[in-house]
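Note sheet for the following structure.
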Amino acid sequence: MAGLISLMILISLAGALITFLAKTREQARTVAIITSGISLAISLVIFSQFDSSISTIQFLESYSWIPSIGVTLKFGLDGIGMPLVLLSNIIIPLTVIFAWGETKQANRFYGLILLELTGVLGVFTSLDFFVFYIFWEIVLIPMYFLISIWGGPRKEYAAIKFFIYTHVASLVMLLAIFAMYFNALGITGTPSFDMFGLLKSYQVMDGDLIKGVISLKDAVFIGLLFGFIVKMPAVPFHTWLPDAHVEAPTAGSVILAALLLKMGGYGLFRVILPILPYSDSPSRMITLMAIIGVLSILYGTFLALAQRDLKKMVAYSSISHMGYVTLGAAALVPLSVSGAMYQQFSHGLITGILFMSCGVIQHSAGTRIIHDLGGIAKYMPKLTFVMLAGFLASLGLPGMSGFIAEFLVLVNSYFTLPTFVILALFGIVFTAGYHLWAMQRAVFGTYNEKLGHIHDGANYEIASMAILVLLVIYFGLNPNPVLNMMTVNAEQLLKSVVLRGVIT
Amino acid sequence: MGLYSYLLISIIIFTIGVYGIITQRSGIKILMCIELLLNSANLNLVAFSSYNGNSTGQVFALFSIAIAAAEAAIGFAILVALFRLRDTINLDNINILRW
Amino acid sequence: MFSDYAALIVLLPVIAFVLTLFLGKKLYSGGALLPIAAIAGSFIISLGIFFEIYPGGMVQQSIPWFGNGISQMNMGILIDPLAIVMLMMVSFVSLLIHIYAVGYMSHDPAKPRYFAETSLFTAAMLSVILSDNILQFFISWEVVGLCSFLLIGFWYHKPSAAAAAKKAFLVTRIGDVLFLAGIVMLYVNLVEIINNPANAFKIEPGNFLLQFKTMFEAIPLIDKTQLTYITLLFFGGAVGKSGQFPLHGWLPDAMEGPTTVSALIHAATMVTAGVYLVARTFPMFFATPATIMTGVPDSLLIVAIFGGFTALFAATMGLVMNDIKRVLAYSTVSQLGYMMLALGTAGAVVGAQAVGISLFHLVSHAFFKALLFLCAGSVIHAVGTNDIREMGGLFNKMKITATTMLIAALALAGIGIPFINIGTAGFFSKDMIIEKSFEFGEKTGGWGWIFYGFAILAALLTSIYIFRLWFMAFTGKPRSERHSHESPNVMTVPLMILALFALFFGFSQTGFYGYLEKNFELMGVEIAVHEEAAQLPVIIILLPVIVGVLGFLISYAIYYKRMIDMSKIISSENPLYKLLLNRYYEPKIGADLIGVKLTHDVVAQSGEFVDRKIIDGLVIDSIIGNTIFKIGEIIRKLQTGVVQNYASITILGVALLLVLLKLKLGGV
Amino acid sequence: MSLNINFAMLAPEILLTVLAFVIIIMGLLISNKSKNMLGYLSAAGILASLVYVIGNGMTEKVSYFYDSLVVDPLSQVFKLIFLIVSLIAVIASIEYFKDNRNQDEYYALILMSTVGMMVVASANDLIALFVGFELASMSTYVLAGFEKNNPSSLEAALKYFIIGSLSSALMLFGMSLIYGITSTTNIPGIIEFFRSAPLMAESSLGVLAMIFLVAGFGFKMALVPFHMWAPDTYEGSPSVVSSLLAAGSKKMGFVAAFRVLVLALVAIRADVHFTFAILAIITMTYGNVVAVSQRSIKRMLAYSSIAQAGYIALAFVVTTPMSIAGGILLALGHALMKGGAFIAVAVVGYMVLSDNKNAKNIDDLENFAGLGKRAPITALGFFVFFLALAGIPPSAGFIGKLFLFYSITVQAISLSSSWLLLVVVIAILNSALSIYYYARVIKYMYVLPPKGERIKEPTAYVVAILIAVIGTIGIGLYPEPFINMAMNAAQVLGV
Amino acid sequence: MDIVFIVISILTILSSIMVIRSSKLVHSALYLAGTLIGTAGLFLLLQAEFLAWVQVLVYVGAVVTLILFTIMLTRKGEEE
């Protein structure tokens, strides 16, 4: 069934355009939910027909686009992309449902959400670096608007910071792509941006970028890595994230954390890992990634502990959780890598709940500052229930998807990066600490009468969160449907690692 | 006389013109200085033409003279129009567009 | 037949959890009947399985879960003697507590939530017990922790309850992380052993990597130092869960939940999980090398040290607490210390029998401590306060409660008649531990005697504090105006049943030891059984009972006869009293100093400072952002609007080009 | 060459010249009222030329007038640019100069300036180049000051004129030196001469000539430090004229530079690359940094235009076919983006004036508040142009930057040259910085509340903006033919 | 020949200097005419007779006249 992927992307794009043109809020949200529903349905069809036992690209489709420089519209899915496509299609409809009550410029709002869907689907499915890059950039624009139109008090600062930060990173990545393209051109003589072709050509890249300072291979590697870890984001390139999250509207935060950050992680698996063993000094690169990963885990954790704003805390927790992705990828053990992939999938689901909770609280109580809240469980029992579930999932409670991911990462990374794993373990206590501390102060305890009478989250809000909770538990108990395909691909990815003797 | 004497004169006039453009305040004087510049270039062209032994330079100079005249006409027209509006052609005062 | 339905032991309460959570409001008594029926079902199945497998059978069922290749994880059931004993105890005690709760919680509007959570709690605990692999064990263990969090914070609108719930979760989490680290190390070791062809070790089909079976089989191949680390990390988990020093602080605070919850946590379920973990992995502890003290595996020695110290340490605090539940809480901590001590000392002396000894105390403790808590609940229910100073003279009003509590107290104090072996459950179980620690002292000599000292001193203190409690609550003049009355039958009947067990469970001692002794042989693990020690001196056999009676007498003298005026000792001037009343300043050091001051105020805030002020404020905003603005503002002033300046700059540009091109910068 | 030469390939120039005269004559004959039709007439003429240029092959090379004009892919590409820009400007002018008494002159001047630019694009001889240059310049001097009663417009014209004349003089001086050295004004002849006698290019005269030429072309390109006129002129001139200046006239500098510098001089002197690198870096940084603090949108666009010139000038830093093609693509893209953007500013001006007849600072940022609601198509236009200017795909701006950055990266890698790398890094940082001020306007348009009712956007503006939008996105989505075109054009230069 | 050249060139340069130095615009214009005529003389020396005449005609005859007109049109009091 070739063509399904492009159909999915086109439908979401068309839906976005129709939504923009919608006259009323009703029309806009109806179109949005239908479009994202269709997209979800298509992705489920793809998922059901997906053969998770093989690591090759499936549902491949390819159309010529700019032959003179070798750009083709090439889409396909494997075990790395499939779960993220699924995740995107789960998150977006739920976000639309969650934002069912949006009144401000509703047509644009839903349109931008659908545009985000288009962008991330493109990123996760395109197999041509050029196309990949285009989708990668397209994603920025709707998010910029989501933050700057529907955002909080410092939305302009946050939006522009987000935009510039990630744009610089993408440009650096683009340069690295150029270098690979140039290199491949020199070898094959035919221009091509084909992703796998370029990654393969990296193996035979040689020469220096600056003689005696940095080799071309290293430079390309670092350029690509930089592009991805800024997006993830990893310490110390993370400071755009808290601002963006705090100011973004809930739907924006959800999409940002659940999908946009995943693009960075996706890049690690799709691009970085295949070339890592062939870089000039794999061990140094591994150490670099491991340091970044663990630093993100610990730094994110401690910073989350220091936050007064609930949403900011959740934002820092994202940094911390994405650190596991980097760490797992750096460990280069099949299950640590698939654990890292699973962490992406799982974090996407979990963080949705967290940000939605923050949104409901903000909406209802008018503040997210933890010490201004207190005892809201009294009036918001339903929210408390789902929020607690989300927080527990986020702190890595077994039985929920986050645990499987973190367990796989920690256990398997210990083979190659024992010191880093021990450091990461150290953070787990504090992870639990800030989650529970926040819950205790904000949600439990005596009710802060200053808040006046507050009401529980609307049913549609609770419903979308509850669905996520169920998914988190489902994937915590039965990780196989997505984990298997990840593992197959992780093993495939690491064949060359073993071949090159990077790790024993 | 050698080529270089002509070039020298041309460069001297050119320099004077440039100096004038930088230092003068009256719009008219600046336009005169521009004429000086074009004139020096013409001198160059003619000198090279004679030195190189082909007439292309003279043709070029001819075009250049015609163009310089047209340019002068436009420049002075602008100045006059400006004077009508602003009552001055002192360029120091013509700076509503800045920064 | 029953063993085919072993999975239902866990699943029934889980189903009850879901149903109660969502439908509870519409059912009788907040849906209490669902969990009761479910747990009763679990109990019956456990009982059935017990009879099926007794005396030498096991139930093993396993299905693959996630992962692949050698790292295939599984979910499974392992019911061996160790597990079935625990299963029966947990489901039985939990059942009684649930029944009791129907009465105790009858006025609470949030009953559905309560019963749902306790049901899940029980399920998780049962799952801990019958896990056949360490991962599932850990997961269930964490769910137990979650449920304790939920239940302790059941009255979440009380700030103290919310804080206690958080503390419980966090402190046990410290242990959990150590446990997880142990699993990580174990996993890595196992995989490396399997991957090393020299070992010729492989997992049979149907078996999985992290199964206890595999672990035990691999023990000889695991590097000894690594094994010590792994077991100590496991023990770290146990320390957290079982409230051993220094992670004991959460347990007394956990009294913020309903009393039934305390009973569940402290008697039947959560806290025993730590002991169960050490018992479950006992072969690994036993296999650790003996480097600190000759003949004693390092890990067992450490278990003994922590257990013995905790037993005494907690008992001292039990002496001064005024909250009836806190006294019991410290008592629990102390008794758990005994169980650990048993595993450590007896393990060194008699090998695998130690598991039986420890477990026997665990089970008997479950009965009498559940009883104590339920009695305390009954009292609290009646008088409406937790403070024993405000109670008194309740004996006449609540005869059943008072009597059953007295039985429980006797059991806790270990009263019985030596030589003819008649006594309460505690008499059998605790005395055996004290004796084994004596044998340990004999075997090792030197400072090995300290364990006996711990044990016997703690026994004295135990007796004092529990009778102090009883006397203050039930005798003397009533100290409050409230009209108290006996609890309804739904509460007293479970009390009586438990009292029976507290009285008579001890007689199953021999059979119990015999049954559990073979536990690890069934798993195919040989544990060298030491020669039975020589006959103990009479005084050693008598001493536990003597200190028990002595404690009773002291309490009798002080709190019944009022022979000593305690008000002089109980004053804020007395540094020792202050130290004990402030719980050795553990909350201050733990929560305030380490938790808030160090972690939050110092580390986290300085991180925040770096992030906001340095990375963001200084580098991004000031240096990059503002500088660009400033430069922009300066440069735009170049654009003066005066055309001569423009011309000058143009000419300067020509000069610049002249410089650039003449300086021959090319080729740089 | 016999006299019965075939002028077919010069038909657009001839058509437009004739049209210019026809319009002037018609202007004398018809009433002021009916002069509005002249706009349509010129638009039709330009459109016809455009179709002709597109339709009549881009590959064959034909030369005219003793080899002083050539028609080759390079000239065709730039003619395309100039014609599109004029078309946009003329269509917008139909509204902008509606009911103006002097429309006839206006359109004639636009046509003449277009012809001048086209001559430059085709010029194969320094004389033709100079004449074309001056034709275009002088027409635009007048156009810039066309609002005779507006002091800003006249001041803009004056500054433009003075600096322009100075630059013309510099350029002429430079040309005279070249003529002196090579004794020919024919560009291939010059190239041939320098090829055979490279030492002459190294001589003081050669260097001087080069410098003067760079200064002359740099003026048109608005390269720092020859840019000083640009912000003032773009701000002061009528928006439609700014559009023509920024989008069209600027590219004239580039095509001249491609023709003369790349071939005649750059190829033989290595440090020219370095010089251009410095110029390019200074230009883009200056443009972007100063644009950040602007509140007048036209001025901001002017600085952005300077910055874009800096990017295009990267083409001279390495002078590979790829880089030239990139420069051409970005020039094409920039023509559409910047041309459209200035037209969009005209709509804002229209809007503000319809609110308040005596409004000052009509292009102030404040007036953009809520533009997305007040004038959705204009706002959409701005949005597309800005993102394209920032180099966000899929847009013409992205494709152009892609080629430029790529070509420099490649050169940096193959030469293992750290300073080239530095150039790319600076270009990237600039690109990021530019987002800041573009996004600020976007924010005003879509985030802030509108200050008035929704207006009806005049059709002429809408058409002009839509042409630019479609072009901008179209090139981004389907760049293939344009890439081929640019590559062919770069081939012509034979670098 | 040389002397003629030197004289003409000195006159040309001097008058071009005076274009800038003189305080009255009208004088400047006249000095400009002088420079241009001097240049025409140099053209003659370079055997570009036609161009010399064109120079005189166009520059002196048209441009300088234009300048003088402009000076009069824009005179408002005395320009410095």
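Just so it is clear, A, B, C, D and E label the chains in written order, and each chain counts residues from 1 on its own.
As a convention for this text, a residue touches a chain if its C-beta (ideal position, glycine included) is under 8 Å from a C-beta of that chain, and two chains touch if they have at least 3 such contacts.
Keep in mind the model is a prediction, meaning the values are calculated, not measured.
Student: Among the remaining chains, which ones contact both chain C and chain E?
Tutor: B
Student: Could you tell me which chains are in contact with chain C and with chain D alike?
Tutor: Shared contacts of chain C and chain D: A, B.
Student: On a CA-centroid basis, which chain has its centre farthest from chain C's?
Tutor: Computed centres place E farthest from chain C.
Student: Report the chain closest to the protein's overall CA mean, measuring from each chain's own CA mean.
Tutor: A
Student: Whole-Å distance, chain A centre to chain E centre, using C-alpha means?
Tutor: Those two chain centres are 75 Å apart.
Student: With chain centres defined as C-alpha means, what is the inter-centre distance between chain A and chain C in Å?
Tutor: Chain centroid spacing, chain A to chain C, equals 37 Å.
Student: Centroid of chain A to centroid of chain B, CA atoms only: how many Å?
Tutor: Centre-to-centre distance between chain A and chain B: 64 Å.
Student: Could you state the distance in Å from the CA-based centre of chain B to that of chain C?
Tutor: 96
Student: Which residues does chain C have that touch at least 2 chains other than itself?
Tutor: Residue numbers touching two or more other chains: 636, 639, 641, 643, 647.
Student: Multi-chain contacts in chain A: which residues touch at least two other chains?
Tutor: In chain A, nothing touches at least two other chains.
Student: Classify the chain contact graph as line, ring, star, complete or other.
Tutor: Here the contact pattern is something else, fitting no line, ring, star or complete shape.
Student: Which two-chain combinations touch?
Tutor: A-C, A-D, B-C, B-D, B-E, C-D
Student: Could you pull out which chain E residues touch chain B in their complex?
Tutor: Interface residues on chain E, with respect to chain B: 1-2, 5, 9, 12-13, 16-17, 19-20, 25, 28-29, 32, 35-36, 39, 42-43, 45-48, 50-51, 54-55, 58-59, 62-63, 66-67, 69-71, 73-74, 76, 79-80.
Student: Quick check: in the complex, which residue numbers of chain D touch chain B?
Tutor: The touching residues are 126-127, 130-131, 134, 138, 141-142, 145, 148-149, 151-152, 154-159, 161-162, 165-166, 168-170, 172-173, 175-177, 179-180, 183-185, 231-232, 235-236.
Student: Could you please specify the touching residues of chain C with respect to chain A in the complex?
Tutor: It comes out as residues 65-68, 71, 135, 138-140, 142-143, 146, 149, 153, 156-159, 161-163, 165-166, 169-170, 173-174, 176-177, 180-181, 183-185, 187-188, 191-192, 595, 599-600, 603-605, 607-608, 611, 615-616, 620.
Student: Which stretch or stretches of chain B touch chain D in the complex?
Tutor: Spelled out, the residues of chain B in touch with chain D are 3, 7, 14, 17-18, 21, 27, 30-31, 34, 37-38, 40-42, 44-45, 47-49, 51-54, 56-57, 59-60, 63-64, 67, 70-71, 74-75, 77-79, 81-82, 85-86, 91, 94-98.
Student: Given the complex with chain C, which residues does chain A contribute to the contact?
Tutor: Residue list for chain A touching chain C: 161, 236, 239, 242-243, 299, 302-303, 305-307, 335, 375, 377-378, 392, 397-399, 403-404, 407-408, 410-412, 414-415, 418, 421-422, 425-426, 428-430, 432-433, 436-437, 439-440, 443-447, 479-480, 483-484, 487.
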